[in-house]
Structures are given as C-alpha cells and as structure tokens.
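Look for chain A in each of the two complexes below; its partner is chain B in the first and chain C in the second.
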Partner chain A sequence: MGDKNLSGWRIVLKEIVRDKMALLSLILIVAITAFVYLTSLLLDQSQIVRVNLFELNKPPSSEFWLGTDQGGRDVFGQLIIGTRNSLTIAILVTSLSGLIGIAIGLISGYFGGMVDNFFMRIVDFFMILPTLMIVIAFVTTVPKYGIMSFTLIMTAFLWMGKARLIRSKALQERELDYVKASRTSGSSHLKIMLVQVLPNLSSIIIVSMTLNLAANIGLESGLSFLGFGFPESTPSLGTLVSYARNPQVLESRWWIWVPASVLILVLMLSINNVGQALRRAADARQRLG
Partner chain B sequence: MALLEVEQLKVHFPIRGGLFGRKAEPVKAVDGVRFTIEEGQTYGLVGESGSGKTTTGRAIIGLNPITSGDVLFQGRSLKRIVRGSNQSFRRDIQMIFQDPYSSLNPKKRVIDIVAEPLRNFERMSGQEEKRAVQELLEKVGLSPDSIHKYPHEFSGGQRQRIGIARAIALKPKLIIADEPVSALDLSVQAQVLNFMRDIQKELNLAYLLISHDLGIIRHMCDYIGIMYKGRHVEQGTTSDIFGNPQHIYTKRLLSAIPDMDPNNREKQLQLRAAVNLEYKEAYNRFFDEQGLAYPLKPLSETHYAAMPERG
Partner chain C sequence: MWKIVARRITIMIPQILLLSIFVFLLAKAMPGDALSGLIDPNIDPKAIAEKRIQLGLNKPWYEQYWDWITSALQGDLGQSFRFKMPVTELVGERMANTFWLSLATLVFTYLIAIPLGIISGRYNDTLADRMITGYTYIGFAAPLFIFALVMLWVFGFHFGWFPTGGSVEPGSTPGTAAYIASKLYHLLLPALSMALITTVTTVQMLRNEIIDTKFKDFIVTARAKGASESRIYNRHVLRNSLLPIAAFFGYELTGLIGGTVFIESIFSYPGMGQLFLSSISLRDFSVVTALVLLYGVASILGSLLSDLILGIVDPRIRIK
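Presenting the complex of A and B:
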C-alpha cells in the first residue's frame, strides 16, 4: 500500500501512463470525441441526409472521402454525425441510468431492511421484463422518435445493474463507524449519504460508468443494426452498419459499412481499456506498479 | 439530579428464522441494566465479549433501538428524542469509537471530520471554524497545521485523538468511550487515557468508559459496573469492586488480572485455582437456570451485587 499517500487522481494518471494501451486508448477517445463534436458543428445534418440521385453508390474520391451510399449521401459526413449521435446517446444513457441507479442503490443500501427490500423487489421486477421486446414495441409505436426518446427508453431498462452494485457497496459502508460517528455528530441521513458515503463509492461509480459507456455504444449500434434504432434521417453508427444487411452493399460497397464498424470497434475497445485501467487504479491489489 | 440515568434498559434483537421469517426467541443483548452517572464522573462498564457493554453504550446514544426501559439525560427521556427530528441532545452526548481506522472517513480531510459537529450545531464562518478546529487539534496534541491532511496520513494514536477532538468539539457533558484504546499499542494507550483525564478535568466531562481491560478501568473510573450476559452482576465504586468483590464472576474476573511480580507466580496460580473452584461450586447458586445473573441487591450505599436468594 505504498501508494496510499497519493491522491486518487494521481493514482489514476499513474496507472494509465503505466499501461501504454490505456494511454493510447485515452488519447484516441479524446481525439475522436473532440474531432467529431467540433466537425459536426460545421456540418449541416439536413444537407448530409438529403438524397442525391446523381451520386448513388460512389466509391471514395476526393469529393466524397468515404464515397456515398445508395441514397447518394456522403458517408464521411454521416460517419461524423453518426458518431456524434451515438456518443451523445451513450453518454446520456450512461449518466441518466447512473444517476437513477446511484440514487436508488444508495437509499436502498444505506437504510437497509424494509427500504432495501422494497427497492430491490422493484429492481427484480424491472430485471425480468423482456427489455428488447419492450424497446422494439416502443420504437414501432412512438411516432416521433429521436435521441431523447431513445435515451429515455434505454435508461428505463439500464439502471438496475448500477443500483445493485451501489447498494451492495453502500451496505458495507453503512456498517463502518464513520457513518455512526456522523450520526452522533448530528448529521441528517441525507447529508450522511451524500457527503460521507458517496465519496467512498466514487471509485466504483467511475469504473462501472466507464465500462457501461462502452456497452451502451454497442447497445445503440446493435438496435439500429436490427432496424429498431434511428430512421435514416438521423444517422448513427448503427444505421451505417445496418446498410450492410443488403448483400450488395456487404460485398461490393465496403466503404459504406467498414468505417463505421471499425469506429465502433475502436471506440468500444478504447473505452474498455481505459475502464480496465481505472478499475485497477481503484483496487490496490490489481495495480501494475 | 444525576446527569444520566439508565432505567432497566433492555435491548433485544429479534432473530428471524425458518419458514416465512417467523420470529424466534430474541437475542437479549442488554437485559435490564440500570445505573446513573453524575457530572464529571467516570463510570466504567466491564465485561467479556458479548456481555452487552457496547450495546448499552450505543443504545444510550441512539445507535441501537431501545426495546424497553428508558434513558434519562438531565431528567429528559432520550428514548423519544432519538427517533425524532430534534437532534439537539446530541450536543451534550458524544461518542469515541473503538476503531480509529473505520471511525474516520478516509475521503475527508481532518478539518471536515472535526468540524462536522460544529457545522451541524454552530453557525460559524469559514475563518471561525478553521480557528476552532485548530484550537481543538492543539488541545488533543496534534499540530494545527494538519487540518488539511487526510486520516491515512496519521498513526493509530493520532487518529484516535482526531476522534476525540471531534467528540469534544461541541463541549459535551457526557462522552461515551467505547473501548477507546483497545486498538492502540500500550505506550499510546497510556498517552490517550491520560489525555482523556486532562480533558475531563478541563471541561468537567462525564465518561461512560466501556472496556474489557480491568487495568484501564481501575486507572480511570470512579464507579464500575460488571456485566455478564446482558445483566449487571456487580456495581460499585472502584474500591468496592477491587477491594471487596462479592459476586463470584467478579472475583474470577479480578483474579485474571496478571501480576507483574514473578515472585508471586505460585501464589497467583493458587489464587486462580481457588477462585475457579469456588466459581464452579457456587455457579448454580449465583446464576439461574438459564445461566443469567439475579437482580442486584444493595450491600452498602454504593455497592450492589447480584447475590443469590438465601434461604
């Protein structure tokens, strides 16, 4: 435990620098995110998704860097906006489901007993719902389907894991004497939960949120691939990949789907790498050195 | 009026077991304890592990629910207040915890830990608060510069003194010290204990000292209560208990105190054997069928013991 004197962020930094893959991944993520969000400010989404019958299925050229799809739309522009949409959704879903999960997990674990029982039965109820079926039914029935509604429906089924994780840790923490000391110091339960217990859960929250972010990118892409994601007017990484369901596209027009697939792979792997480094930083026994 | 009166305090923990969580016989952690503490005095609770001494302390300060009986602080019942929203009684009763490692939040700086009670009860500006915390740290013998350090930067004894600084921040009248030194090594134990006595004189504190170490109890306490299986077996002043123990359990406990002089080794051995024999022979007279002690009977003005019914 020689690292005990270092503050949390220094340990994280040290761990990431030690792990060259994680360092590379972090740089990649930051670069991709910055590039995508900055360039998409300059791009006009309605311009890019407009069908252009004169430029159908063009291979990559100096005019269209990654060619065009069967609607004559610029694949590169779609890739930028699609990555931005996918990342936005993943971040929103992760933070929203994280927020709900933390709130319920913390209340449930801190109070224990009846309160815990009540919330955990609600969690159990949500766990047994067939998530995919409900999402698909929702997508097909809701007329106006965009980033917000997709985020909300995903969040509704993704907070339970986080709630359970936080609850189990909060159950441990509440038995420690510092919680009782706060109580005898006259602090309210709410104050103890937020000011005393929550900072002690921060490391597992950060780690699990990072790993969830990667999973959520995959989730969005998967649903879009199956055709239950966004309409073609809202490009995402998943919609680009889903063009490959057409055998012709899959076989002879690689430029439409390969870049998006590679980007999904790179993003998920990079975020996972960083997440693993964070996990090691949070657990002294797993650290590299 | 006594500062603290504990009246027939009972703390039972229900055990749920079997099918459908039926209620089984509850664990009687504390089963009818009564004692009083006067202002500025130290009352020692002694007993083996599981005798209910810690539970008693925690029930008084409201960390364990009271099953029956009552706790009066300056004549006011704490039983109802503990549950309610009015937490002002906590100003006057504070606690020192056993484990200096888990009783300080590892993510908080010393100033946040020591100032927590101040923030709840006093309206202070940032500057005033900082000065108050520095004064408290000085009082417990720590450098006032260490307010921005984290708990892991301190040794066990220093941590325990941070815990004491937190407990005296509001100038309470009663401090419940739950084995305050049992996690510390011997040299530091004396240091912390003497320091607790100094503070006691300075602030006119009353202590409820919970310990299994008879040496500490003898050194610190004016009154002593010996607990066994959730009940008192004997209660009295320090000289009553150490000079004239009446209950066989007390005798056995006292005979277990090690004697430093190797010349007395044989004598001590014989004494222990004799006490042990007496304990075995008299066990059925001194404890009822469930192995519990009888109610306390007065032997003198201050001295009570759970003597068996005679005749």
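Presenting the complex of A and C:
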C-alpha cells in the first residue's frame, strides 16, 4: 500500500535489491570501476606499453599475472589500463551524445511544428548514414587524434536515437495541463523545459543512458578491435582482443585475449542488467512487486 | 498502395542526393587525391599540375561533385590505385560475396528466431522459455566480434570442422558442384555466428507479440468455437504476431551492414567490409568513397523496403 508514496530513488533502490541479478551486477560494476581507476593510478602507462624483447609471449606467472603479449608487454597491466580507457571513453560518449540528444529532442518536442520538422529531418538524414564506416573514415582522416577527438567523432553519429526518444516523450508532455498552466502564469519556455518538463522525463533518460553506456563499451571495443579506435600506445579492451586476429594468439595464447573478452562481456551484461531493473522501476506495470 | 510507394520514393531522392554530397565532401577531406597514389617521384611537378587540370581537380567543389556524381551514375567510380583496376569491377566481385553472406545470415536468423520465439511465447514461464530468454539476454549484451572470435576459435581452429578464412577453396573451378558446395561450406560458420547474435531481438519481439496476442478476445472466441490448440497457435496467433517481425525486416537489413564488416574481418571473408577496412588502411580512398556511398544507398533501400513491407502487412498505414 505504501508503495505509491515512495520517492523515485527509493523505488529504484527497492527494485534493484529485489532483483538479485541486478544487485549483483551493480556491485560488480562498482567494484570493477573502483578497482580499475584506483589501480591504474599506481601503474605507469608508458611503462606498460613499452616493448620488452626478453619477455615475449610468456604464459601467466607470478611475475606477469596474465602473461605477456607479442611485444613482451604485461597483459594484466594493459587490461587494467584498457578497462579504464574503455570505461572513460564510453562514459564521455554516453554523456555527451546524451546531452546533445536531450537538448535537441526537448527543443523539437516542446516547440513542435516547424522547429520539430527542421530537427527531425536532420535526424532522419543522420539515421541513414552508414555510421560504422563513416566513423572509421573520420578516424583515419583526423590528423592528430586522441581521447577527445575520438569522443567527438563518435558523439557526432550517436545522438540521434536519444533525440528521437526524448522528442516523442516531450511531444506528449507539452499537451498536459501543467505545461499550459505554467505558461499562463508567465513562465518562460526555457524554465518550463528545464525545470518542469525535463524532470518528468528523467526516468526515461536514465534508463536509456544506462543501456547506451553498455552499447558504447561494445562499440568502442569493436572499433579498437578493428584497429580504428585508440592508437596502440593507449590500450583499450578492444586492443587486447584484436591481438586474437593473429591465429597463433587465438589458438594458443588465450591469456592475451580471453580475459579482455570476458571483461567486456561482464561489463556489458551487468550494465544491461542494471538498465533493465531501472526500466522496470520506471514503469510501474513491470515492477517485480 | 501505389501512392505510398510513390511518396516514399520521392523522399528517397533528396536523401540519396544529400548522402552523395556528404560522401563527396568526406572524400575531399581525406588526405591526398586520386593522383597521389599514381605519382612516381621521377615525374616532374609540372606534369602533375597539368594532369590535375586535365582531371578537373582545380575546379570549384560543386563542379567536381557534378563530374563525380554523373560518372558514378554511369557506373564509373574511379580507379583503385592499389589493385590498378576500376573500382566498379573490384567492388562488384566483393559485393556478390557480401550479398551471399547477408542472405545466409538472414535465413539463419529467421530459422532460429521463429521456432524459439514460438516456443518461448506459447509456453511462457516454463523452463524452456526461461532458457530461451536467458539466451536472448546474453546474446543482446554480447558484442558480435567477441562471439564470432569464440566461434572461430572453437569450431574453426579447435575442432577444425570449418574453414577459417576465404570464401571458396582455392583452385576450384567456378560453376562446378564442388565449387558451389565449397562456397556454402565457407559461408556456414560466419553466417551462423552472426545470425546467433542478430536473431535475439527478433526472438524477444516474437515472444512478446505472441504473449500479447494470446490473451486477445478473438483468441478466446476461437477457443470457445472449439478450435484445437495447434490450430489457434498456427493460424490465429502466429499470423498476427508475425506482422511486426515482417515490419522489422528492413531494419534487420540495415543492421547487417555493420555486422558484415566485423564478420568479414574476423573470418577473412573477401567481401565489401574487408575491402573497406584494407582500403582505408592502405589509403585507397577512391574505393573507400565508393563503398561508403554503396553502404549508404543500401541502408536507404533497407528503410524503403521496411516501410513498404509495413504498408503491405498493415492496412492502417495504407489508408492514411
């Protein structure tokens, strides 16, 4: 009975605690993130990516916990730094593309009409572009690229889905009485959008950003896997997996690519799990109880 | 229906036009031009400048665009400096391979999705349903490239059941039965690896549709009339539940575009995606431009197809 009066965050918390998988996933995500960011403070990236000819392709040992790769580099260290880089880029891309998507979606949904038409035609155009190829082409075209330019390139082609979602919800919101009431009492459009409409969309935004975060980890590692993500001096999870494109590594040096693959899978599954639990929390019909 | 087709095609024309301008500008932004690959250091720079004028590279960009698009429409997409052959010829070969790969993947996708979706929807909340739902959950989160690598590792290298690269046994003569068999054999593992991942959205969709449909009034009526369970599911439920699957078909096609790039690269399958990646690494930009354009046109056609199918299966859209 008292459920109806719970505040938003209490509902979310309750839903996650009820769903044992989601709780486990959340704990895993927090643990991995904390571990990776803290340990990488102690590791020196340039030290780890330095080629060491005396230690090529060593299997796991007490000195190298996960062995070494074909350049004699410590796989465990690359795994830690790679996870950190992959997570950082996924978080940056998700927030930046989310921000752009939310802004455009909110403006076109709230104003509707011509404004909506204008923005939606742009979205339509971006939707038909073969995103993967164009991102790859851009990555090779940009002369000096690092984390920031990589984030910008990915963001440029990933904001459309969010814009569409927010727009369709904002279109529904603007017809509601509270918006009209606020307008009549003299609130500015900006205030209505940011202070009144946006909070009503927050649950949808959080759910879709969580699911996007998982997808972006996959996308970044996929691009690095193909060789169009970070340069080799900045390892990512995908870089480690990409060594498996060499059949010898794939067949007999599992320690190079299996841990990174498992980590990608665990991260994506856990984030998805939490996202699904959040979705249920946001939609009263789907709550577990 | 014809009205919709006509209207939908009219929308497509500006889309293709915009796409081609975008691709052209992208190509212009890439370092080097059609000549830098051909240039021999012994040639005198004056001759290069002359050649540039001859090729029209000193004209303003819109004139160059016009030249490029008119020759592209006539099937001339320039020369690949790496293979020293016309891009159209080069891409044609690869396109056929990618087409077969995509077709095989689609066939597997539906062969897997329809039975699993039906079992999962009809017997929901049983053990079988839980197992299928678990599979879709993992398949949804697992990145395609990792799954494909594991498939290659297990079935290609460890058991040796499938070839680990290429699209046909080298040395076999085209047209013979052995050639076709070898082609199919090379397709099997890549197509299956992709289908097992891409199918999960369709399974989930079919399951939800069947669960939604089976509690509708017309099913209750059918049951009251005394129709057998199998008749209810095969005729009444399935027919209605397949509509959204059919509508999703065009998006499935667009989704294949990204997927084939990963699959072709992992299984060293000589298709368009593999050509794209190798051309971009070797800076063979005339090939890159042609491929981006082709992929874009393919995705526009995919969305056209999905709208048309939606119009055919759902009369409500036709009336509007």
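Here is the rule we use: the second predicted complex is superposed on the first by the 287 of 289 C-alpha atoms of A that agree within 3 Å, B and C clash if a C-alpha of one lies under 4 Å from a C-alpha of the other, contacts with A are read in each partner's own complex, and residues count from 1 in each chain.
Methods note: a residue touches a chain if its C-beta (ideal position, glycine included) is under 8 Å from a C-beta of that chain, and two chains touch if they have at least 3 such contacts.
The structure presented is a predicted model; accordingly, all values stated were derived computationally and were not measured.
Peer 1: Regarding the shared-chain residue A:145, is it in contact with chain B (first), chain C (second), both, or neither?
Peer 2: The answer is neither, since A:145 touches no partner chain.
Peer 1: See if chain A has more residues touched by chain B or by chain C, and give me that chain.
Peer 2: Counting residues of chain A touched by each partner, the higher count goes to C.
Peer 1: Just to be sure I read the superposition right, which of the two partners does A:199 touch: chain B = first, chain C = second, or both, or neither?
Peer 2: A:199: touches chain B, not chain C.
Peer 1: A:182 contacts which: chain B (first), chain C (second), both, neither?
Peer 2: first
Peer 1: Show me the residue ranges of chain C that touch chain A in the complex, using the header's touch definition.
Peer 2: 15, 18-19, 22, 26, 29-31, 137-138, 140-146, 149-150, 152-153, 157-158, 164, 257-258, 261-262, 265-266, 276-277, 280-281, 283, 288, 291-292, 295-296, 298-300, 303
Peer 1: In their shared complex, at which residues does chain B touch chain A?
Peer 2: 58, 61-63, 87, 90-91, 93-95, 97-99, 102-108, 116-117, 120-121, 152-153, 163, 166
Peer 1: With touch defined as at the start, can you tell me which chain A residues reach chain C in the complex?
Peer 2: 124-125, 127-134, 136-138, 140-141, 143, 214, 218, 221-222, 225-228, 241, 244-245, 247, 250-251, 257, 261, 264-265, 268-269, 272
Peer 1: Could you pull out which chain A residues touch chain B in their complex?
Peer 2: 4-5, 176-178, 180-187, 196, 199-200, 202
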